[in-house]
Every structure is written in C-alpha cells, then in structure tokens.
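What follows is chain A paired twice: with chain B in the first complex and chain C in the second.
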Partner chain A sequence: MISLQGISKSFKVARRAAGLRQAAKSLIFREHTVVEALKDITFSIGEGEIVGYIGPNGAGKSTSIKVMSGILVPDRGSCTIKGYTPWKERTAYVGHIGVVFGQRSQLWWDVPVIDSFQLLKDIYRIPPDEYRRNLALLTETLDLGGLLETPVRQLSLGQRMRCEIAASLLHGPSVLFLDEPTIGLDAVSKLAVRDFIRTINREKGVTVILTTHDMSDIEALADRILLIGKGTLLYDGTLQQLRGRFGTERTVTVDYRGGSGQGPLVVEGAESVSWSPERAVFRVDTGKTRIADVLSRLSEQAELLDVAIEAKPVEELIVELYREHRI
Partner chain B sequence: MVLYFKYLSILFKSQLQYRASFWLLTFGQFFIPFSVFAGMYLMFERFGELRGWTFYEAALVFAVIHLAFSLSECFARGFDMFSGLIASGGFDRLLVRPRSTALQVLGSQFEFTRFGRLLQSAIVLVWALAKLPIDWNAPRAVTLALMVACGVLIFTGIYMLFATLCFWTVQGLEIGNIFTDGGREMAQYPLDIYKKWVTVFFTFVIPFGCVNYLPLLYVLGRAHGHPAGYMAMPLAGVLFLLPCLAVWLIGVRHYRSTGS
Partner chain C sequence: MRPYLSVWKLRFILGMQYRSAAIAGIATQLFFGMIFLMIFQAFYSGSAAEPPMPLDRLVSYVWLQQIFLSLIMLWFRDNEIFQLITSGNVAYELCRPCGLYSFWYAKLLGQRLSSATLRCFPILLIVFFLPKPFRLSPPASPEAFVLFLAALALGLLVVVGVSMFIYISVFWTLSPVGSTLMISVAGEFFAGMIIPVPLMPHWLQTVAGFLPFRWTADFPFRVYSGDIPAGEALWGIAAQLVWIAALTAAGAWTLRRALRRIVVQGG
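And now, the complex of A and B:
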C-alpha cells in the first residue's frame, strides 16, 4: 500500500555567521552547507495500519511527510502509495490522501466552516451524494453540529482542529497524514481527536500516519512506531516489542496496614525504592522475579490495601531509544 | 473556471466581514488615480495638446491602462501577494490539492477594494468616449474590449514572473513594482511621446504598447494600413503570458525539489 525504497533528500542551507560584517558579506555571496534531511529511508505500511512517526525536532519527520504527500521531490529512491508515485502524478494522487498540518489551518479564516467545506467539495470535485454522506458522518462523529455556521476565527483551537480533520476527510481519502494533530489541545479535545482517528481507521479502513511529540497519542493509537533521527530510520516495530526490549522492569506500589511497623518491608527479588509506614514502592525486574511471587511475599508480611503495577512510561522508553542512537 | 468563481465568492464574503475597512479602502482607491488624472487634466489645460494628442484621446489611453491595472490587481492579486503564501507555508497546502497551482494561487486572494479604482477608470473611459468623434463599428468596439482584457493578462504575467522569484528569495521583491506601477505610469500616456527606446521596450519586451497605444490608433481612426493588424495587436498580451506561465512552472518545480 505504502512503500518507500531508499528515499534520500538533502537541502542546501545558507550559512549565516553572526555579526554585521558577516551579514553584509552574505548579501553578496553565501556559503552553503548541505544538510541530509533523509538518508536512505526504507519502510512499507499496510492498508488499515495506524503508524506513529516519531523523532526529535529536525529529525526529518516533516520532510518524509512532504515526500509522501507529493509536495517534495526526493533526490533518490522510490515511493509508491496506492500505485502512484506521489511527486510524479501529483494531481491524480492527492485526491486519495488527506493531510492535516496541525500548526497551519486549511480553512478560510473569516467565513463559516461550512463555506470552506463547500469550496473543498469543488476543489476535490466530490460528487454531491458522497459529499452529503461524508459530511453527515463527520458532523456526527466529530460533533460538529453547532460549529458549521461559525466563522473559523471564532472557534477554539480544539473546535478548529476537529474541523480541520473533517476538512481533510471530506473527499474520502484512504490515507491520512496527520502532522502533530493534538498539538496545543486540551485533554477533552485530545481524547475526542484520538477517538475519532481510531473510529475512521476501524470503520472506513483509513490508513493513518501520524507524527507527534505526545507519547500518549502513540500509546493510544499506534500499533506500530517508526522512529527517525538525523534522517535515518532507527526503529520500526510495535510498542510491545519496544517495551520488551527496554522495559522488563515494573514499579510496584503498595498501600498496606500492619507489618512490623519497624523499618521497611523486605522482599526477596524486589528492590525497595521508598518506604513509609503506609506505603512502599519497589522495583521489580520481571525477567528475574515474577510479580505474583513478590505480591504473595508482601501479603505474608502485611495487609495489602491497594496495589499498583506500572510499566516504564513510553516517554522514557523513547528517551532511552534516542540515547541509544545518540540523537 | 467554475472553481475560480467559487474562490471569488468565498473571498468576497470574507472581505465583507470587515465592512468599514472595505468601504474606506474602496473610497481611497477611487481617489488615488483620480489625483493622477487631475494632474493630466491640468497639464492639458495649460498646454492644449501633447504632440498632437488631444486631452480626450490621452484620457482614453489613461482609462484603458488603469482599467486593466485595477482589474488585474483585483483578480490576480494572488500572484501579487504570493510571497505571503510562501512564507506562511500555505503553498504546501495548495500542493496537496488536486488542482493546478496557478489556478489555486489566483484563487488565494482577491482585492475587491480595487473596485474604487475600477470605477474611477470606467468613468474616465465613458467620458472620453463620449467626447471623442469616433466612428463606431463592431470591430472597433471589440478591439477596445480586447485592449482591456489583454492588458489584464500583461499585468498578470508580470505578477507571475515576480511571484516566481519568491521561490528563490522567499521575501517578495518590490522590484516587480517597477514594471507594474512603472509600466502603468508610462503607458497611461500615448507611447510615441517618449524616447525611442522606451517605446521599443514597452512594445516588444513588456507589450503595453500593443494593448494600448497601437490599437488605439486604429480605434481613433489614425491608423495607416490594414485594420486587422491593429485589431490583433492586443493578443500580444496572450503571447506575453505564456512564457510567464512557463517560468512559473519552472519555479514550482524548483520549489518542490528544494523545499524552500
């Protein structure tokens, strides 16, 4: 469905030195440095997948999205999406994709949302029936009912993002690129957006490629992670595999009553992290000790009131990945 | 073309959101060329005629070029203001839509307040035509309409050329105004009053003369030779636009390979 083979792209960037003299000099002639934004990127994505595309700022995420959406022409490599080469058959291809740039609006600022939608209907040549059907579905699932008649400039960020996403899906694309769709949203809007992405993925089989810095987006949505750093693809796999690779460690927090009352509870195979007469926190390596054993040993010593077992947050796993690859 | 009108209507609605500023700007635009025209009037008042051109003939030349200019500023504003679209990244958005870039850029902005200028030029046109003893027939009327239409194409072409430069410079270059504003100022007088090289430049390089001075000779009955030649003259505007469009496409290709 989507396949990239050895995509490379480099940019010439004008180098500017500080100082007035240097600035004046750069008016006449400039030194260029070549920045390799993408180095030999190869991956493929199947129909109906949700893929989280992550990496630190400047890693090449946006460049890859631009290549895949047909905006940029790469230096080398091939890319086939739904049978098209994005940058070659641009006008034929882009009718099959939807793109949301989280930081830039695609709606006309001063007019009601519905006017923008109608213009998009003409731009994409959406047949009236299909337009009506898609609009009804999007209005319902994104809860746009009261928003359509409001000028875009009066919408809150969360409301606007819902309208942006609807606008990218009016023509019924089968691939959706989301570039930081939850940036700046409050918790409620974030959940609504995630919920919606999952819904269209499940019900309409839309393939979703999502870039984000919010790891809870990834956790909530992505079956698969592509990690890119300094233009190179560093990791391609599921969140589960990533957890398995770095995180056999669990944090066990217990609230308890009783016990000796004198000093911390001591349990074989669990390292005590913190302790108070009511609560104790342990670190357990599940590769060596079973959680169940730890709990049963604990319950022999005290009456357990509450138990919480947490894996390492995805955020930390990602930081470890970054560290491993020195990016 | 249908889509172009849809763009037109949505942006008209947008502009009407700010009614007070819309009317003020329209009003102001009415008076800008008015002052230029008043200067022209006073000059003719003093000297009577200019190298054999009467005031009303010159007024007609003025009206044609200003009509074309205000129409192009209104309807091809997207190219005129293109640097903003590049700087904001809005051009990327246009590239992920299944339509030609030129059409979408044209549709990205209209400046309806130019109706003020348009109205002023139209009044001058009607006034000049009423006072001139022109022997009207269909070909002459068609020629006059063609002059305005093709004048619009030339201005649009210039906007397009300088919009293309934005792909390399990102920031808009005021240098384009030398040719649009400058060309307009020059071409609002009959071209034969200038030095030879000016006339040549505005006939063969930027063909304002072809949509203005030369066919007007025919409309005013001053032409020698076959009228068809003069009637076809404005089509030079089309010839001018084509290479501009080609340059634009080269610019778009450059943008897509450099991303800047």
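And now, the complex of A and C:
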C-alpha cells in the first residue's frame, strides 16, 4: 500500500565558522555544503501495519515523513501511497492521510478547540454524520470531554497533543503518520495516546507510521521497525528478530533468604553480576542455559522471595544497532 | 468554496476578539485624520492657485482612508502566516486538501474585514458630526455610493493580491521585514495615502496609473466624492478586475514555485 523506491533528498546548508571576519567573508562568498538527508530509501508497508520508524536525531525520519505526506519533493525516486504520488497529486492525496507533527501545532491558538475542528470539517468536506460519529469516538477514546470548549492556549501540552491527534483523524484517514506524538507527554497521556493508536489500528485498520525516540512506544505499538541512520535504511524487521539478533541474554535478579550466608550464590551456567546477602543478580545466556534450570538450582540453595527476569532493554539494542552501523 | 468560506469565517471571529486593539486604533485614526486635514487646510488657505481637488472632496478622501484603513493598508498583516513559514508549521497547511493560495487569501480577507467591521462604524459616526470643514460629506449621489462600495470591495481584493506577494517572499527571505517595508512604503505612496494622487505632479500621476496601488484606495474614495464621475468609474472597475486577475494568477504561480523548493524549517 505504501511503497518507496530509491527516494533521495538533499539539502543545501549554508555554513560558516564563528567570528566577525568569517561573517564578513560569507557576505561575498557563501559556502554551502550539501547534506544528503535521504539516500536511496526503499521499503514498503502493507495495509493495517504499525511501523516504528526510528533513528538518531538528524537521521532523516522527519524528512521521510514529509516526503510521504506530500510536503517535500524528493530529488530522485518514486513513492506510491494508496495509488497516489504524494507530491504530484497532493490535494487529492492528503484527504486519505492524517499527519501529526509532535513539535508543531495545527490548532488555532486563540479560539476553542472545537472551532479548529469545525474548520477541519469544512476543509476536508467531512459529511455531518461522519463528523459527528468520528468526533464522538475521538472524544471518548482520547478523553477530550471538557477540552473542546477551551481555547488552545490554555491547554496543557498533554491535553493539546490529544486534541492534535484528534484533529488529524477527524476525516477518518486510512494512513496515519505520527512524527513524535508522545514528545513531552506525561505517563498518563502517553498511555492514553498509545491505547488510542492501538485501538484505531485494530478497529479501523488504520496503517500507522510512527517516529519516536521513546523506545517504550515502539515496544508497546510497533510490529515492525525501520531503522534509519544518516539517510540510509539500516534495518527492517520485527522487534523479536532484533532481540534475537542481539542477544539471547537475560538478567535474572533474585531476592532470597537463607543460603550459605557467607559467600555469593554460585550457579552453573549463570554469571554472577552482583551479590549481597539479600539479593543476587546473574547474567544468563538463554542460548546455552535454560532459565528454568537456573531457577531450580537457585531454589535448591536458598529460599527465593522474588524473581525478576529481564531481557536487554530495547534502548540498548538500538544503541548496539547504531554502533554496528557507526551512526 | 466551503473550506475557504470556513477559514474566512474563523479568521473573522478571531479578529472580532480584539476589541481593545480596535478602540486604540479608532483613537489613532481620528488623530491622524485630523492632523492630515489640518495640514492640507493650511496649504489650501495659503495657496492662491486653483487646487486640483476641492477641500470637501479632500476631506472625504482623508476620512475614508482612515475609516477603511484595515482594508487598504499594506502594512496590515497576518503575523501568523509569517510564523507558519519561518517556523515550519506550514507543514500542516500543506497536508490539507486545499489550494494554499486560496486558503491564505480567504484568511487575509477575513482578518481585514473583521478589523474593518470593528473600527469603521464608530469612526464613521464621529466624522459625520464633526464641525464644518472637517465633516465627512455624504456620497455625491446614490449611484456614486453604489459604485464606491463595488470599487472598495474590489480594491480590497487587489490589496490582498498584492500582500500575498509579501507572504510568498518569506519562503525565500525568511523574514517579513524587508518585503513588508518595501512593498508597503511604495504601495502606500502610490495609493495616495501620503499625498492624495490628484495633488501629485502629472508625471507622478501617470506612474501611479500604471501601478495597482491606486486602485485600492485613491480610486474608490474619489468615486465616493464624485471626483471620478460614474462613467469613468465603470472603466476603473474594469481595470480593477484586470488587476485582480493578473495579481492572483501571478501570485498563485509564484507560490507554486516556492513550494517546489520549500524547505520546511526545523525538525
């Protein structure tokens, strides 16, 4: 449904060194460097997928989103989404997509939220029935009751972001681009937004492309990850595959009573990371030793009060990926 | 049409919120109107030659300028659009199934009309009751009044057409200061906002005739006072229509060019 073929985009960036002399020099002779924001990006996304689009700052995530939403014209390559080329048939195309830019606002600052919504209703020519239905659904799932009559400037960031997301979905788009939708949100709002994304994906089959720096967003939502760095696509696969690739290693933390009392607990196949008379932490390679074996050996030695088994956090996996690709 | 009407309406509602700005504006405009009139009156009484425009017509000219200031002034601008461009929020405007040119055009019309609605009636009321030489006279004739309304409305479309270029230029310059200053200084001069066009030397009047600016203010105000007779006014309205067509076509084309090379600023 979404397919990108060899998309490239470069920007010309003016630069000069600091200082008065350099500034004067740049009046006459301006140096430009060409920054290749996207280099030959190719991927395709099927209907109803939730795809996490990740990468360090400046990797080209937002640029890709802008190309896919028809705002930027790439230098080379082709892109087809729902049968449209975004930048060529922009006005016909954008009725099918919703876009949320986490760092920007589409609501009118000085008027109540509902006024902006009414305007969007007319802009997208949403039939009154559909508008009422969508608004009711969004109000309920994003918990907007009471916010709609408030001027935007008086909303908190979390409240505003929920309204922004609602604004992007009023016209019932079948593709949703989210560019850092959870930036700056507190835990409650974040969970509400995630829940909502999952709901519309499941119930309405909306395809979601999500960029974020918050790996817990990815973990909670994305079936598939696209990793981009320095403008190139570096990884395309599921989170599970990524996990498998970078580690079968688990951290096992046990709280216990008893034991030999003196030295650390020693378990075959588990490497001791830290130890105290109440708590011990082990590293286990599940490719070689089964967790169950480790636990049964531990319980032979001491009375286990609490056990926690953790996979390597996604953050660390991503950092390893970055390191692997030297970005 | 619906989206454009809707954005016009919202901008109008928004503009109607700014009451204190309107009150301050009314005071300023009355003050400037009086100052201009006193200067011109002094010139007129000190001059032996036959003035190119009688004083009572000049009085209407100056008061109408002040009353409809927000419809004709080029410096009257929507900072929000500048911010949209320089901050990159224009990204959202580009995700809408509308032509950006018409969308902004409607927005600007709404802003100017709301401001004019708030300001024009109180000033109108006051200047009709001022003591004699400063009083605003009624329109020359009913036909003149109807033609004046048409000319003023079309003049507004010309102003917005010109001001669109200021907004579009920001895609290149990233700062509205230069283009606003240049276009508004030249524009206001040739619209007769500083010296009424009939009082200019002939060669300058010819220059003004070739530019769009005098069709925004000078022309409708002289139709009001009968300085331009009805027959000539119809030709003027035709000229306004030509200018509107030319300005919007050129503006839309330039905006399309700007969007092709757009760099959405920031993250």
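Throughout what follows, the second predicted complex is superposed on the first by the 327 of 327 C-alpha atoms of A that agree within 3 Å, B and C clash if a C-alpha of one lies under 4 Å from a C-alpha of the other, contacts with A are read in each partner's own complex, and residues count from 1 in each chain.
As a working rule, a residue touches a chain if its C-beta (ideal position, glycine included) is under 8 Å from a C-beta of that chain, and two chains touch if they have at least 3 such contacts.
Worth saying up front: this structure is predicted, and the values here are computed from it rather than measured.
**Q** If chain A is used to align the two complexes, do chain B and chain C fit next to each other or clash?
**A** Clash.
**Q** With the two complexes superposed on chain A, say which partner A:V99 touches: chain B (first), chain C (second), both, or neither.
**A** A:V99 contacts both chain B and chain C.
**Q** A:T91 in the overlay: touching chain B, chain C, both, or neither? Say first, second, both or neither.
**A** After superposing on A, A:T91 lies in contact with both chain B and chain C.
**Q** With both complexes superposed on chain A, which partner does A:T251 reach: first (chain B), second (chain C), both or neither?
**A** Neither partner.
**Q** What residues on chain A does chain C touch that chain B touches too?
**A** 11, 66, 69-73, 90-92, 94-95, 97, 99, 101, 104, 106, 108, 110-111, 115-116, 118-119, 122-125
**Q** Given the complex with chain A, which residues does chain C contribute to the contact?
**A** These residues of chain C touch chain A: 2-3, 5-7, 10, 13-14, 17, 87-89, 91-92, 94-99, 260, 262-264, 266-267.
**Q** Going by the contact rule set out above, which residues of chain B touch chain A in the complex?
**A** It is residues 2-3, 6-7, 10-11, 13-15, 17-18, 88-90, 92-93, 95-100, 104, 253, 256-260 of chain B that touch chain A.
**Q** Name, in rising order, each residue of chain A that touches chain C in their complex.
**A** Against chain C, the touching part of chain A is residues 11, 62, 66, 69-73, 90-92, 94-95, 97, 99, 101, 103-106, 108, 110-111, 115-116, 118-119, 121-125.
**Q** So in the complex, which bits of chain A are touching chain B?
**A** Checking each residue of chain A against chain B gives 11-12, 63, 66, 69-73, 87, 90-92, 94-95, 97, 99, 101, 104, 106, 108-111, 115-116, 118-119, 122-125, 151.
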